[in-house]
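Pasting the structures here.
One chain, chain A, links the two complexes that follow: it is found with chain B in the first and with chain C in the second.
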Partner chain A sequence: MSRQSGRMAGMNSRRKDEIAGWLFTAPALLMFLIFVLIPTFAMLYLSFTSYKMLTPPTFTGLSNFIRLFTKDSRILTVSLNTLKISVISVVLNVVIGIILALLITNRKNGIYSYIIRLFYFFPNIVAPAFIAIVWAILLARDTGVVNYYLHSIFGLQPMGFLTEGGLALGSVIGIDIWRNMGFIMFILLAGIRAIDRSYYEAASLDGANTFQLARHITIPLLTPSILLVMVINIIGELKTFDIPNIMTEGGPNNATRTVAMYIYDTAFSKMSMGYACAISVLFVAVIMVVTILQFRLSNRWVNYD
Partner chain B sequence: MKKFLSLMLTLAMLLGMMSISMNALAEEPIVIKLSMAASDAEKVSCESAIARFEEKYPNCKVDAEFYAGLSWDEIIQKQLTQFASGTYADVVYIAIEGTQLMVNYGLFQPIDDLIEADKDYFSPVPESAFKAFEVNGKYYEVPFNCNDMCIVYNTKMFQEAGIETPGQWTVEEYLDALGKIDAYYNKPDTPNSEKVWGVVTGETPYMWAAAYGTSVLNDDWTASNITSDAMKEVLQFQYDLVYKYGYSPVRESNTDEVSMFCSNRLATFIAGPYILGSLKNNNFTDWDIAIVPRGKENGSAAYGVGGLGMMTGCQHRQEAFNLMKEFCSIELSMTQATEATSLPLFEEAANSEAWLAQSPHINVFYDELPNASKLPSPICYAELNVIMKNMMTNIVTKAMTIDEAVALADQEIAAAYEEFEF
Partner chain C sequence: MTKKYWGKAGGLLISLLVLALGFLVFTPFLFMFAQSMRMPAEAYKMPPDFFPTRWDLTNYATLLNSDLPLVRMAVNSLTVTLCTIVVRLTVSIMAAYAIAKIRYRGSNAVMIGFLSSMMLPIQATIIPIYIMLSRLGLVNSLPGLVIVGVFDSFAIFMLRQSMASVPDSVVESAKIDGASQLRICWGIVAPMIKPTIATMIVLIFNGVWNDYFLPYILISSWEKMTLPLGINALKGYMGSGNQSVILAAVSFAVLPILIIFLFGQRYIVEGMTSAAVKG
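Right, the complex of A and B next:
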């Protein structure tokens, strides 16, 4: 009898814990439901409709997706632009981030190291819109400061940093790297600081130099942090919108138009909300596949020891 | 007895409550919701218009929402989004750019009968201001502010370069003036970054198209006219300003004509009276107004009008219209003249000392209005604007030839119209 009542008491206590758990997570779940899950399902539903916001959506089956894959010539251009921005930015961000983190880790002078970190991190705390406006003014072909100095120092003719296709995309990528590398450096710096010092001491006793320490100890043990910054960075880059939108408005000739900009234009300039949702569905699917691939492939190169 | 008493008491309470709510209903003011885009200066004059309205009609209250800093595309988007979410106002400020869309979606109701009933009141307002809001023979808005495009020029530069005060000038005479500016201020080896520029090519081709007597769309705005020879001539002129004459820099998304003008780096630019506030804020006084040089004899200025439209769901039609009238009044027009926030719509205000004191030839704005062409504002205006901006960028950055750029724009305009077929 006493064993049974004990079991009952245990069950009551477990149920209370469960209820308490649900109550604690309820606000977060509710927010997730309202701001993520419902909009996601709404997007999925609207992608199968023709919806211009002012009239009720009408179900059109797969027509938006058929148009996306067969008739929309611009989607390929904007996807390629987004891919170029993402791949180049992520690779360079990570490489530069690692180099900066390694260089700063080796600095002994505290104040110097602090100023350098502040210097590199500063662009990350400024709103992208301001960054875009300031750089657009600096890089202007005929009135910009950069072209002024290129002419006065090197005698160069004005360069269309934002008005020539390839250069414009390069400028957008360059500014993006400049903005993000400080943040990546910080995460990698924290990763380096977390590596057990005994590895370095042992390697140093064996006669390893700085380069060998970095090559055989720091970088392999930093791979979990590298994976983290790659995942965060690639998701961010795939959504690139503000900097090219302000600096070039997607031009010239769509050379800097990204998928996110295209979705925005389609939804609000063309008022084709249904079609914009179809592009978004595809876009979300691509981001999911990329992220899953990153994690799957990480088993081959990430060292969790 | 107890039951009877309690029944009587309940009845008395019910009657009391009913009379209170009836009184409350009788005293409840009519609330007119107003959604208005206005700069800080405009907001002051709008608030005084609202105060006048509430004084004239004590049974009405205005629930006004003001916002600023949005382009017309964004204002249209905002209104549409508000409508889609069911939180729309009774009276909405929207310019000619959004009128067709609002009307075709049945969001605005016609107000011909109300305008007709107040014909005398509106008689001092130029007909072209009302005509801007005419769709399929019906009027949908009451004009609030008006902007026709003219050339704003630097008087000091013109004087120094020996250019006479421009009058009815042609494109050739304009090019001649820009040539004199270029020769006076720039040396052959002056780098672009140090040059004094004559003008900046248009972000869109609307203004110069009007000056050449053509348009990017056909007369009734139902199809593209962008591939016509007349339009190609306009675009060639824009291209030549950059590459043949070197009077214009390549326009970029952040090219700021007002800053360039106020720092004496730009001699002329095209703008409407909306720009006067910026010139004032920059304490820049060496400016005057001239007509946009004509490319052809049938050329004209282009103009746009901002107005107040009545939403279809508006419950208090006459009261809402009375409010709209207050925004098109001589009092407000006089404030616009004094504050230089817009072209004053009432002739009396346009001839007032306050307005004429703005610059020696400020009257050009008012004189140009009767013959000006409406800014092409079809139902797909927001998309047309994007297409035109992209086309101009493609041309002035040499990303495409003029023929290629207009062919692409033509296709895109056709697709945009298809999207809005009713």
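Right, the complex of A and C next:
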């Protein structure tokens, strides 16, 4: 009898827990439903329609996608721009990050670390929207500081850092490298400092020099964090919008327009919501592939540890 | 002996080089601040300033006395950021607690569903979100900005990971003492993961305070703009003739962040980098 009532009480509290669990999750679930799930299905649906917001969407089958893959030459340009920005900035950032982290890994002086963190990390916490304003002024063709110094020190003629196609894309990439340098450097620095000292001691006894230590111990052991940092940053870079939107407005002649900017432009300037959703579907597909890659890598990373 | 001596000198030289390069990395901010002190008439005079040649706040006064609601924008930024932090954290802590500690039937599926939303960047789903908000009358309003930012799968995931390290026995014994789930969540488990919560506050602050994309899409009137959007709109409004005034506006927005960073930088850097690695 008492055993039975005990079980009853247990079941009762179990049921109460079930209800509490769902109640606790309900606000997050509701927001997830309204701002993630419904928009995703709406995006999928609208990608098969023609929709200008003033009249209801009309179903047009695959025509948006046919246009996207066969008739739209801009999608190729903006995809290549986005890809170049992501890959070049992340690869260079990792190379620079490894070098900087290796150079200061043994400097643990408090004041030195403080100043290094201030100089290198601060660009990462300032809004890209402000960074774009400052760099647009620095890089201006005729009035910019960069051209002034290039002329007075190297005698170079003023360059259109924001107005010539290749240079403009290069400027966007350069600013991204400048912004993320500290972030990547400090992640890798933590990775290097977590490596067991005994590896180095053993190798030093065998007569390995500093370069050999870096080449044969630090970098191989750091590979998992390098891969992880690359994938995280590539996802961030694929979404690039603020800096080119403010600095060059995608110009000159689409040379710095990214996929996110193209979606915005198609949806809100041209009011082709349906077509913009088709581009978004493609965009999500790419992000998905990279994210799945990230999960694979981070699983492996955790196992290594 | 000599080798060791050279090794030490080389090490010092390298440290100084890294420091010098760091200074170069930081110069755009020095330029921004020093130029904001120049009179508009001499804004383009070369060479530029990297340190203020005189402490002249005329440009700041011009901005604050103009019709442009710069202070209002700062208040908007602060309001949206603080509201998002409070609401997002409350919602995320509750969900994380339920998934990590109540473990109701279906909680794993819920977490997987939440995580899958990481693959759906806001830049892709913004069109339906915009349409929905305009139907609800939440376009061009600060509550609209906050509500879009309530759900954050990354925050829920990080908090859940952290709560998983709290022993189940703590929760069980509190239950035996008759504590409700609400009380265990807020009174016992949440205080035990304070460091993670602090990291999340830093990350959310940084993300929302710096956000340009969402306000750019949703906000259209001056008095509702946040700082990143508002200062860029101001730049367009004033044209390129007033470089020092624009740099004063940017300095006005960046200096408070610099001050916060000067005091809490160790914490901010560690929080941001460790969150990236764990996520």
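Criterion: the second predicted complex is superposed on the first by the 253 of 305 C-alpha atoms of A that agree within 3 Å, B and C clash if a C-alpha of one lies under 4 Å from a C-alpha of the other, contacts with A are read in each partner's own complex, and residues count from 1 in each chain.
One rule holds for everything that comes next: contacts are C-beta pairs under 8 Å (C-beta built on N, C-alpha and C of every residue); 3 or more make two chains touch, one makes a residue touch a chain.
This one's a predicted model, so the numbers in the text were calculated from it and none came from an experiment.
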Chain B versus chain C as contact partner of A:66, first or second or both or neither: neither
First (chain B), second (chain C), both or neither touched by A:293: neither
Touched partner set for A:115, first chain B, second chain C, both or neither: second
Contacts of A:53 with chain B and chain C, given as first, second, both or neither: both
Partner chain(s) touched by A:143 [first = chain B, second = chain C, both, neither]: both
Which of chain B and chain C A:250 touches, first, second, both or neither: first
Which superposed partner A:95 touches (first chain B, second chain C, both, neither): neither
Touching partner for A:87 - first (chain B), second (chain C), both, neither: neither
Touching partner for A:160 - first (chain B), second (chain C), both, neither: first
Chain B or chain C, by number of chain A residues touched: C
Doubly contacted residues of chain A, that is, touched by chain B and again by chain C: 53, 133, 137, 143, 145, 148, 152, 246, 268
Parts of chain C lying in touch with chain A, wherever the complex brings them together: 11, 14-15, 17-19, 22-23, 25-26, 28-29, 31-32, 35, 44, 46-48, 90-92, 94-95, 97-99, 102-107, 110, 113-114, 117-121, 123-132, 147-148, 150-151, 153, 156, 175, 181-182, 185, 206, 209-213, 216-217, 227-229, 231-232, 235, 243, 246-247, 250, 253-254, 257-258, 261-262, 265-266, 268-269, 272-274, 276-277, 279
Touching residues on chain A, where the partner in the complex is chain C: 13, 17-18, 20-22, 24-25, 27-29, 31-32, 34-36, 38-40, 42-43, 46, 53, 100, 103-104, 106-107, 112, 114-135, 137-138, 143, 145, 148, 152, 178, 181-183, 186-187, 190, 225, 228-229, 232, 239, 241-242, 245-246, 260, 263-264, 267-268, 273, 276-277, 280-281, 283-284, 287-288, 291-292
Sites on chain A touched by chain B in the complex: 53-55, 133, 136-137, 140-145, 147-148, 151-152, 158, 160, 162-165, 246-255, 265, 268-272
Chain A partner contacts - residues on chain B that touch it in the complex: 73, 77, 80-81, 83-84, 105, 107, 191-195, 197, 249-250, 252-255, 260, 265, 380, 382-383, 385-386, 389-390, 393-394, 396-397, 399-400, 416, 419
